[in-house]
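Think of it as A, B and C in the order they're written, each chain with its own count starting at 1.
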């Protein structure tokens, strides 16, 4: 027997996935263009200007170029790991979209453990990065991969701890419920320290400057993706910007009230907040030098972690007293 | 107990931050450098032998290509060496032009040194491009003066190739006015930046004794607390007429080396300010025969290039070509200290130290 | 605490500088569309006014890299007649030393700065043919 409801459901899921994938691709293209423009104007330049209005189709041109490029696999590379690493990184960066609430009912699946799910799958990417570092058979890549593994594992902890306070206040792990709990006031007002800790850790999570020691252009050439070119490189690139979107989306949902805001429709508010946070990340990237790997660890373990713990403690105390 | 193994990384010659084609053979234990061996010679052009087959004037364009970021200063040093043996009197106007141009070139070189140094620390492009933007103004002045943007070939034995163009004085004054507020921006963006501070304070400490032992010169030596500047110690040209300080720092770490360069830009501006209003009229080049023959003899002359003591040792046999020309390149001696400085530091610090030493491979390999 | 505050302020100052320039006009030139005029003394490639050249070979002798070669005939009136003026741009230093000794001001450096070619043989040129500068 053909299970009609199942097939319909399946098709609906496929449509959702395709829609999200399309949104992610377009969003990433926009972000890459934005990054180039922001960096250019910060540096008294103009950035891409030739392809389209103010170079708005530059990313499309670049994507076509990357697609047409030769697929180079080095002799020393561990073929299987080398091939799968970009896939793992990209899929891990794409999975959290299931539970990201774009608007009141604009959510692929409102899991009641949404936040936990996002945190769990988004940290899968480190496996891919480590695979890339190992599989390339390049010493720079290996160093980059090792650094990322250490970095992401370290920063995961303050990140989760900072989110914990929000969960405590909202009393739920579902993204929709958390956003609805911010109806009166955004959580950033109650939890500025948690927001700061989260944002710093998030920048570190996605390997952006000043925590980009995994790529570390001036030290490790390009870190874990030194040996990657063409489409495989494009996958890493896509994943990097998707990750940026994801962490900013979480920040917007948890601290900035998600889709809530006057006048504009919910999705517009949400995207506005996300893109603003991404802009801040870009701004930071084009201003600061990079920290050293051990300083990075010190910062995570000796500063952010105690701060996050303290924050939880204070939040808990206040909550107990209030009750 | 896990056993670990040191592994070798070939750092360069193609690498984003080896400033040219330096190769550092690093032995790493994880992130820590165990041993470092610099390999040079990828840019070797045999400058000294070429010079033996060129007339004295023809050597000048080759000196441009030694330290290509301080090309005017190389011209200057070489011309002074030949002039010393020749015993020719330089017209006042030429002296002033020479000093102004050399100091402008020093600013350009230091700007680039600072920019690339901060770039090496991981500040993606922004400080570097700011420095380039300021340097561009100097290059424009040079271009209007001598016609080229990097290899100037402007100084001649006995003076300079051409008189300064119209509007030169105004342009230089405008540049001084333009640069001062920008230096303030640099203080905010780079010098006092917390991340830059933690990255450079106490990194690559070059002690006073070590600096003297390795014959380090220039800003690197002054950062270690030795107030040695050839413009003061062994004055040449008309430098004694100008008031300027020799900025020094105490500890000799990467931050101090960076700071000394920043302070030196300020001093260069002071020299230019004193000189620019007092350019006398007159010839811009002394009467020197076209077929220049230098009397037999030998001499050593040293000048303060942006990177340190630039010396030329010249032997003449009385013909129109140098019998032997030896160049003492400051970067060469400065680079020699790298293996000692980077032992035991992290990979990221190797870059920081290398960037703070500010080498130019053009004059190391010659 | 004090240190953390200082650090934060320094970082914010840095962000302030970049934000300031974010809204300043850019200083770059959109190269293929916009072009800048080289200053009068700009040293592009070596060029020749063939009519003025008296084939004295001063330029060839002044060249540090021997990239100039003057080929001429001696006519019946014992005047030199320029045949070919070979210029090897591939070895040229663009130093301008050849321009200085020219007694007839026939050789000069023009303002061309787009000198890249696909074939390096085209870098060796006969200036009598390529240049037709007439005063």
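We take it that contacts are C-beta pairs under 8 Å (C-beta built on N, C-alpha and C of every residue); 3 or more make two chains touch, one makes a residue touch a chain.
Keep in mind that this is a model prediction, so the values were computed, not measured.
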Contact-richer chain pair [A-C vs A-B]: A-B
Chain ID, smallest distance between chain and overall C-alpha centroids: B
Separation of mean Cα positions, subunit C and subunit B [Å, integer]: 24
Computed distance of Cα centres, subunit C from subunit A, in Å: 49
Centre distance in Å when subunit A and subunit B are each reduced to the mean of their C-alpha atoms: 43
Subunit A residues counted as touching two or more neighbouring chains: 42-45, 286-288
Where subunit B touches two or more other chains at once, by residue number: 126, 130, 133, 189, 193, 195
In subunit C, residues with contacts to at least two other chains: 11, 14, 17-18, 21, 27
Interfacial residue positions of subunit B with respect to subunit A in the complex: 7, 9, 15-17, 31, 118-126, 129-130, 133, 189, 193, 195-196, 198-199, 346-351
Residue ranges of subunit C in contact with subunit B within the complex: 6-8, 10-11, 13-14, 16-18, 20-21, 27, 38-43, 62-64, 93-97, 100-101, 109
Contact set on subunit B toward subunit C in their complex: 54, 57-62, 64, 126, 130, 133, 136, 143-148, 151, 153, 161-162, 165, 185, 188-190, 192-195, 197, 290
Touching residues on subunit A, where the partner in the complex is subunit B: 39, 42-45, 139-140, 143, 147, 209-210, 212-213, 216-221, 285-295
Of all residues in subunit A, those that touch subunit C in their complex: 38, 40-46, 49, 283-284, 286-288
